[in-house]
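Here chain A shows up in two complexes: once beside chain B, once beside chain C.
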Partner chain A sequence: MGDLIVVLILLAIGYGFGSYAERQHYKSIREREKATLHVPIMTFGAKQSLPPAKETALFVGSVVVASDYFKTFALALRNLVGGRVLSYESLLDRGRREALLRMKEEAIAWGATELANVRINTSSLSQGGQGMISIEVIAYGTGIR
Partner chain B sequence: MSNPQSRTSYLSANQRMLLTTLEGVPGKEVLEHYGIVQGSTVRAKNVGKDLLAGLKNIVGGELKGYTELLQEARHEATERMVQQAEQLGANAIVNVRFATSSVAQGAAELYVYGTAVKVM
Partner chain C sequence: MNMKYTPKEITEEVNVTPTHPLVNLGYLAGTVVVSLVAIYAAMGVAVDLVVPRLSRSTEIKIGDSLLPVAQDQFGGNVLADDTRVDYLESLAQPLIREELSDLPITIHLMDTEIANAAIIAGGHVFVTTGLLEESRSENELVFILGHELGHLANRDSLKSLGRSLFLLLGSLALGIGTQNGQSSPLLNTTLDFQSLHYSREQETQADRYGMILTIEQYGHGGYALDFFERHSAHEPSFIPEYVLTHPLSENRIEALELFAAENNWSLTGDLVPLPEGIECPNFDCGNE
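Coming up: the complex of A and B.
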């Protein structure tokens, strides 16, 4: 009985804080995406002719995101029946957009007018371990000015 | 979320060596190829950070400690790659790629590779 109460409390905390943090994060992501819209990100660049450039530099943005207790629990339930895991889709989406924004913001501070040949990598740090689910997303590309 | 990135900027490495994800350096010509250069580092998370991350796992969100740890590690890998290219006499590394793989529970390998070239 005591265990059940602890789990319920953790679930409530996870859901409450987790969804609050997610809303705040999405708000910040949307604002920053709007603010950095003037610099295009491209995944091509290697085999295309590029606009004349004075300088280029490598920019990297990375972030480690972790699921909250509620999401971990929801995944455990989902595992029973299979199907889409919505709560993790949003987690990965947030991570990826955050990593791209960090790369972009650093490039803009340097004075970049565009980012070419951008690559995104995702890797799990928890390696199928129990509970702890943390995912690293890294975005990198060449800034041109 | 604030940006903990400034400390681990790649610009210092960029000043010594031109790093790019492109196949060439825009506005410059590749004179010589020196082949592949690489840098890697394996890092383990420490117990303190793991404990904090364990707490953080209840509420979710970014694990700043890990983000910084991996950034530092990736920076070190890049530094090693740059040193290797310097020894070869290159002044640029093109087609740079990053890779991460978790080699064991709690340890990750950060790997960076590219082609060392001389550009003019």
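Coming up: the complex of A and C.
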């Protein structure tokens, strides 16, 4: 019974703080996406000729996002029956968009007019696949000005 | 390459399912909990269906794998070479009826002061030296052995394993944790003598079985219940272990007396004395 109460408290903490952080993060992501919308990012550019450019440079944006107890609990339960892990969909979505934004913001500061050959990689920072999971997302691309 | 780029704000969230996480977890937890409860309940029901269908050889295998654990939990050494074991076996032998004829009955004499007798599946009967010391007549011992044989005949020991039975059957099938002579943690969790508890119905059946065997042996039930009467008189100041694993109240003695009366069995008769030196190893008390 005591264990159950501890789990419930951890779930409440995880959900409370986790969903608050997620709301704040999405708010910030949407604002910054709007502000950086004028610079196109695209995936082509590898083994293709780049658009006419005076200068190019590599830009890397990387972010580490931690899961929370609620998300991990939901994942553990989901592992029993299989299916979509809803709570991790938003976590990975935030990670990808944040990494892209960091790359883009740096490129814009440099004066990029567009970003070509953009790639995204994800890795999980977990302890042997056990316990709480953090994800790292890295986005990189070629800035052109 | 010349394309016109028109900035477009992202308004749709295709990568995130628009279901509230709490609702999702609610359904998920509900599904998992309901399934687990259903499986747990099904296993509980299945025990009573499976136990009568187990073959003798499976029962013996289960008993052999549980034997080391049971001996550990009983405490005290196993007195394998004691001649009192032969005596107990000679007492038990005539009590073995047809339904148990294909089960080898093995008596394990445990060197401990606590008066106790118990069985595990596979025909293993445990008797403690404490029980021998506290016994006053052969009639008592025969009834106690008969009662334990009743549990064996009804497979109460297998039933009392409950859901652990499936764990055991699984580990037997896979050959894990059941090596002879080793008590593995897995088996320790499946057998727990301290919390061993038969249902009232099971005890009543075993009591009646013991009574029938006693009547067959002596033609009367005299002195057979004395052990219990002495111990129930001692309650509650002294509650022996035997009473703990076999909760025996005045009611059970009364029920047995009624059972005997219904069958016109006499509860009076001659006392068959125990052999000299039953309380000493090899009947040798060394007072020659």
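In this section, the second predicted complex is superposed on the first by the 140 of 145 C-alpha atoms of A that agree within 3 Å, B and C clash if a C-alpha of one lies under 4 Å from a C-alpha of the other, contacts with A are read in each partner's own complex, and residues count from 1 in each chain.
The working rule: contacts are C-beta pairs under 8 Å (C-beta built on N, C-alpha and C of every residue); 3 or more make two chains touch, one makes a residue touch a chain.
Because the structure is a prediction, the values reported are computed rather than measured.
Q: Taking chain A as the common reference for superposition, should the pair chain B and chain C be classed as clashing or as fitting?
A: Overlaying the two structures gives chain B and chain C room side by side.
Q: Could you look at A:33 and tell me whether it touches chain B, chain C, both or neither (first, second, both, neither)?
A: second
Q: Using the superposition on chain A described above, determine whether A:53 touches chain B (first), chain C (second), both, or neither.
A: The answer is first: A:53 touches chain B but not chain C.
Q: Per the contact definition in the header, classify A:78: touching chain B only (first), chain C only (second), both, or neither.
A: Once the two structures are laid over each other on A, A:78 reaches chain C alone.
Q: Angle chain B-chain A-chain C between C-alpha centres, in steps of 10 degrees?
A: The C-alpha centres give an angle of about 110 degrees at chain A.
Q: So, A:88: does it touch chain B (first), chain C (second), both, or neither?
A: Neither chain B nor chain C is touched by A:88.
Q: On the superposed three-chain arrangement, identify whether chain B or chain C touches more chain A residues.
A: Counting contacted residues of chain A, the larger count belongs to B.
Q: After overlaying the two complexes, what is the shortest C-alpha distance between chain B and chain C, in Å?
A: In the combined three-chain model, chain B comes within 13 Å of chain C at the C-alpha level.
Q: Taking the stated contact definition, name every residue in chain A that is touched by chain B in one complex and by chain C in the other, in rising order.
A: 51, 70-71
Q: What residues on chain C touch chain A, complex-wise?
A: It is residues 1, 5, 7-10, 13, 15-17, 19, 21-22, 24-25, 28-29, 31-32, 35 of chain C that touch chain A.
Q: What residues of chain A sit close enough to touch chain B in their complex?
A: Touch list, chain A to chain B: 10, 13-14, 17-18, 21-22, 25, 28, 45-47, 50-54, 56-72, 91, 98, 102, 105-106, 110, 116-119, 121, 123-125, 127, 129, 131-134, 136, 138, 140-142, 144.
Q: Which residues of chain A touch chain C in the complex?
A: Of all residues in chain A, those touching chain C are 15, 19, 30, 33-34, 37-38, 40, 49, 51, 70-71, 73-74, 77-78, 80-81, 84, 86-87, 89-90, 92-93, 96, 114.
Q: Show me the residue ranges of chain B that touch chain A in the complex, using the header's touch definition.
A: Contacts found on chain B: 1, 3, 5-6, 9-11, 13-14, 18-23, 25-27, 45, 53-54, 56-63, 66-67, 70-71, 74, 95-102, 104-105, 108.
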